[in-house]
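What follows is a set of notes on a single structure, which appears directly below.
As written, the chain order gives the labels A, B, C and D, with residue 1 at the start of each chain.
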Amino acid sequence: ACGEENNESTPINDGGNNANEAADNSADENTGNNEAAGEGEAFTAQMVTDIGGVDDRSFNESAWAGLTLFGEDYPNAEVGYVQSSDASDYAPNLNRIAREGTDISFAIGFLMEDDIKTVAAQNEDQNFAIVDTVVTDDNGDLIPNIANITFAEHEGSFLVGAVAAMQSETDHIGFIGGVEGELIKKFESGFKAGAKFVNPDIEIATQYAQNFNDASKGQQIGNAMYGNGADIIFHAAGATGNGLITDAIERAQDGENVWVIGVDQDQALTQGDWDDGNVILTSMVKRVDEAVYQVAESTMNGEYPGGEVLEFTLEDAGVGIAESRENVSEEALTAVEEYTDMIINGEIVVPKTDEEYEEFEGSL
Amino acid sequence: MDILSILYTIIPAALIAATPLLLTALGGLFSERSGIVNIGLEGLMVMGAFGGIVGTLIFESLGFGDAAPWMGILFAIVIGAIFSLFHAVASITLKADQIVSGVALNFLAVGLSVFIVKEVFDRGQTDVVASRIPRVEIPLLSDIPVIGQLIFPRVYATTYIAFVLVAIVWYVVFKTPFGLRLRSVGEHPIAADTMGINVNRMRYIAVMLSGAFGGAGGAIFAITTAGNFAGNTIVGQGFMALAALIFGKWHPVGAMGAAIFFGFAQALSISAQQIPGLDNVPQVYMLILPYVLTILALAGFVGKAESPKALNQPYEKGSR
Amino acid sequence: MEYVIEMNNIRKEFPGIVANDNITLQVKQGEIHALLGENGAGKSTLMNVLFGLYQPEKGEIRVRGEKVAITDPNVATECGIGMVHQHFMLIEKFTVTENIILGKEPKKGTTINLRKAEKDVAEISERYGLKVDPRSKIEDISVGMQQRVEILKTLYRGANILIFDEPTAALTPQEIKELIQIMKNLIKEGKSIILITHKLKEIMQVCDRCTVIRRGEGIGTVNVSEMTESTLAEMMVGREISFEVEKKEAKPTNPVLTIKDLIVEDIRRVNVVNKLNLEVKAGEILGVAGVDGNGQTELIEAITGLRSLKSGTISVSGQDISGYKPRRVTESGVGHIPQDRHKHGLVLDFTVGENILLQTYYQKPYTSKGILNYTKMYDKSRGLIEEYDVRTPNEKTFARALSGGNQQKAIIAREIDRSPELLIAAQPTRGLDVGAIEFIHRKLVEEREKGRAVLLVSLELDEVLNLSDRIAVIYNGEIVDILDTKDTDEKELGLLMAGGKRDVGDVQ
Amino acid sequence: MLLSGHNPITGYVALFQGVFGEIYYFGETLQRMTPLIFSGLAVAFALRTGLLNIGVEGQLIVGWFASVFVGIVVEAPMIIHLPLAMAAGAIAGALWGFVPGLLKAKFEVHEVIVTIMMNYIALHIVNHFIRNNLLASGQRTDFINSSASLSSEYLAALTDFSRLHWGFLIAIISCVIMWFILWKTTKGFELRAVGFNKNASSYAGMNVNFNIILSMSVSGAFAGVGGAMLGLGTYQYANILPAFTSYGFDGIAVALLGGSTSIGIFLAAFLFGGLKEGANNMQAAAGVAPELVEIIIALIIFFVASSYLVRWIYTKLQFKKEGK
């Protein structure tokens, strides 16, 4: 369908059916402007994915879901994406959509931090947004044509940490990180804080696979942790986590009582099934879709949050515990609600880094 | 954790990690013993992983239940064997450089499999398979106190099958007429030809066997460990299998030893953080351990590996 | 039906060359039929056609009167034709038995029935007097035994017409004698044989008839009993050939190569050169005679710096070169014609010109400040190609494309042109035709005449006797005797080579 | 493409436009081919000595890191700093090539396995250093000092803000250098001789072991400079690598496609760079999955590798001519 488009300056990608509709709807109208959105003309929102692509079961997919929904809700809006095959694609891809006069260009993932900075400087009249990081110029100031979307992952992780601590029968839980860094530290710190908050004596194993794509490693780390007595493991490790889930399923099938806590999306919907249930206890979701939708919407309404840092927190449901929670006990769910309130009130300040976590632990 | 419980964790992990490498290396053994270098093992594993997952998903949806992953593996074996024909035609019939052809095979596998997945599933990765290969232990043997669980741990059925295959491959390669002919073609194709052996046909069979085994290796990795297929499901395992083949001196038992060694080193590096005493060792040491050990082993006591004589030489009738 | 094999009007072309043009070959039942011709005359090609490795463009083949199309070696085997190839077709890592049964393995279920195979092999070898050890690996046995394996391969397949392509080129005199006996046995058992050889003496000795080809064309078939060596040679080359190397009386002067108490180990740390003493003087050719495997190779490698010595000294013109690296040895005035020209003598994928400068490329004027001067290199090699009559289209042709004789000439040009004080020639004429041999022998004698020392190591007694002024007999890594050529003969040498007074047996 | 229901013409037009359509993309293509030239040269150089260097990937990674390290830590005027940083990349790469070379020469260890292992070691060690010693923000180091930067405002302006940098010229020079070393120098003569026939080379007095080590080191140095192109040119920093860059493996294809000759490598790198750059546009403009380009690359390699067919016909024709 796209191939018939006679206008080179509207290279919209039909990632899914909905987007297709959006594109078709707008095809009737004149879409050939290179200026910012004006009256009666289509609003365009596009995103550049990282290597994972729009179906990575993680934030790219989630972001694309948000954009797709946005395109559905506003038939006048055109949405699209470009997938990057490797890191060197980020800059040209961002440049490409910016040069087409896209009204808001999203960079999905903190890895595009530097590239978006360069491209934003080269295209000063274009609007950009980046997910998962805050971009500043050389003086440490925010950049007026970049909106920064971040999440309070530590807050959501706190909740699943608490759940894990309450439901662990061995008083021994685990955390598997993808690649060690600022971002994943937020998951780890929040998770550990939540668990210790419930049970200061709980044993928590942590390990980084140093890879987001090594299922084999995920399986082996999971194997070692479970073998060592942990019964609930939270992962923030992308596809590496698939190996963990595999190991958990096999142990479950073998009669062991082990669980996985998923990440980013409601993972129980797509994974974890075995003969007698699902090993995914619950998941810590991160509503990238929500965030992207909101930023696109505000931009369309002329309220582009350029030069701002938008943190999506527990309070605005930007992070939280997944819908699938059948395996979570009543008691734990009550506690989750209680803690949610405490975090929102500021009664609990969830740590984000190793230092903050140590401080937090000391204060218990 | 005491030594014994460490071993209880590490050994199964090592054997599970070794299985796909071992199977793929056995495949490479056929191909290289016939004189065809197979750098394309990586690509064959990719196609195997693709075929294994897609096959399992299809058979699952057709209601085959627990049999689905097994049929998925068979499907992958067929896909692998067919896909290896690219390498066979290019390097045997068209006398392409075998290394070039193998490299192309790797590119093609990733491109083709992901492309198909995108066209069929409309996304860059497949769904996760629901049914898995069961983990088993050998009934009586694993009941032997203490060591029973160590030597016959609870691992995937496929792991035991792989070990049985080592024996079968050894038998086929060293005890049957087929094996004798296979090796003769890899050592001295002209001589084999004068003895009435169809060199190219043997090589085709060998390369397709490597496709079948590589396909099985990839499929088993995907089904038992990854659970689904994406462009990055197989990253480097094929090269490790090639290393195992060379490390094992083109011998099935040697390849088995090498694959287990790789699996063991990997399992140790991963479990180390959970082992008191080793948990303070910087992780980087543990991460590079398997590779450093391999290099040291090769430099130290394994020594020179002698490849089949006619490896990487296309056979042209009437040449000398 | 007089002939077992008739090849009538065979024509076989290779790109750009007609290897066989209208050749007719008729072999009678029970005869040994020689096929004679210079290098590249088309003998091997004709036999490959008969064996089904090549398909002829024209002509017909009849086996026992019946017209057959030999499309591949399997068909030839079915017709009872077996071939012992010029370059052995053996798989080094396989055992004797495995090599013999390959492609026609006795089975028990799906397994190779090795026991039966070994028994079969033993049986045939008994019957034809072909002594082999069925369980040895090819790489561990002597060339002579390898050849017997080749013959057994054909017999195992029931061949009754055997083709031998230059079977004696790599054999010791003793082994040749045995081979001739074997051929006679085979004839007695009702087989027929086609024998390709460059050695006219052998033809005279065993053959009944002889077909001569020249440049791909058949010259004719003659009864050997009506011919002499020189008439055969003339028929083959088209001109007269002198067999005796013309040389003046030697005038040896001061010693050039002096070896004292040399001990060299092989890979298994066994002493293969054992307290060896030797001296070669300027102006003489010293021939080393010996059965293959008595330390000749290691001796040469030790002199040229390719192998380290365990003890003893080697000096050239008074300079101690023991332990020198090959380059320094060469620079000390040593030239070396290696025995295996493809493996050690040439880089086959380099041009002839590059090969001719393989020892001197780094010297002025070919290199200055690390940069090669190809113009100078090719100028130089053009001159040498002409001087040594290397038949090649030009100096930029790849060495691979040259015939063996011409490859050898290129090596000789390279080594002699450096005017080494000591020239080591190992098997310099292996597999070459009489014309090429004549040329090379003349060159070696010229070097002697110029006052150089020449160390000739050869397995061919004829060559040693013909060329050398003195002959050192090597046995078990030791020089057992040094004789004046005038005072000795083949018989005495043969005895000494086999270990002095001991019985001449099968030396492996 | 037809099979997958896309219009192939639109696809290829988009591919073509993705390279030549705008000067920006053309600049990006040249930028993209720069490290590919180096990895191709690295593979080819070793290949000429009869060695298969699968370790270009690892050599490139350590070269990248080392050049960035010097680029950050050292303060010096550009005339010293830039060459120093590049040299650091070259040396690191050379060291990474030296090890397999040494093991091959001394212990006859198969270079293919060692280089595969060295790739993983490079990846983990470099990541470790960045993570523990040089982490600035997210997953990367600080930017290098501008005195070590290859980036060029001139080239960027010429190509409408692409990331094309001076490294491209260095790559061209390197092609010439490799050609010169191999075909014009005495050492090159030896390296090639060793590559073709080790026995004859040692008979001719060449030091085979030394040449093997040298060849692997020089090969590694080429790869290391390729890494420096990324560190000092394209990115201006080094980052924690989640997986291999794949430049090394692409380099094998580039070298083989280019017949291990300098000109061939340049052209093959351009083809690869162009295909990869164009793939993004093809995806954006025609909705064709970028994997298609990988398939195309693979098929091209197959066809080139199978040139036996062409060669065979060619020689046949030529012999006919000579025969007349």
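As a working rule, contacts are C-beta pairs under 8 Å (C-beta built on N, C-alpha and C of every residue); 3 or more make two chains touch, one makes a residue touch a chain.
Everything quoted here is computed from the prediction, not taken from an experiment.
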Note to self: Need the graph distance between chain A and chain D over the touch network, please.
What the structure shows: 1
Next item on the list: Average the CA atoms of each chain to get its centre, and name the chain whose centre is farthest from that of chain A.
Entry: C
Check: For this structure, which two chains have more C-beta pairs in contact than any other pair?
Finding: B-D
Note to self: I'd like to verify one number: the distance from the centre of chain C to the centre of chain D, where each centre is the average of its C-alpha atoms, in whole angstrom.
What the structure shows: 47
Next item on the list: Between chain A and chain C, tell me the centre distance in angstrom, where each centre is the average of that chain's C-alpha atoms.
Entry: 75
Checklist line | Centre distance in Å when chain B and chain D are each reduced to the mean of their C-alpha atoms | finding: 28
Next item on the list: Could you please state the distance in Å, as a whole number, between where the Cα atoms of chain A are centred and where those of chain B are centred?
Entry: 35
Checklist line | chain D, residues touching no fewer than two other chains | finding: 124, 127, 243
Check: Do you know which chain A residues sit against two or more other chains?
Finding: 83, 210, 213
Check: At which residue positions does chain C touch at least two other chains?
Finding: none
Notebook entry, point to check: Tell me, which pairs of chains are in touch?
Noted result: A-B, A-D, B-C, B-D, C-D
Note to self: Quick check on the complex: what are the chain D residues that touch chain C?
What the structure shows: 184-190, 192-193, 196-197, 199-207, 315-316, 319-320, 322-323
Next item on the list: Within their complex, state which residues of chain D touch chain B.
Entry: 4, 52, 54, 99, 103, 106-110, 112-114, 116-118, 120-121, 124-125, 127-128, 243-244, 249, 252-253, 256-257, 289, 291-299, 301-302, 304-309
Next item on the list: Under the touch definition given earlier, write down the residues of chain C that touch chain D in their complex.
Entry: 15-17, 304, 306, 325-330, 336, 338, 343-350, 354, 358-359, 361-362, 367, 370-372
Check: For chain B, which residues count as touching chain A in their complex?
Finding: 1, 5, 8-9, 12-13, 16-17, 122-125, 127-128, 130, 132, 134-135, 154, 221, 224-228, 230, 232-233, 235, 266-267, 270-271, 273-274, 283, 287
Margin query: For the complex, give me every residue of chain B touching chain D.
Written below: 86, 90-91, 94-97, 99-101, 103-108, 110-112, 114-115, 118-119, 231-232, 235-236, 239-240, 242-243, 246-247, 282-284, 287-288, 290-292, 294-295, 298-299, 303-305, 314
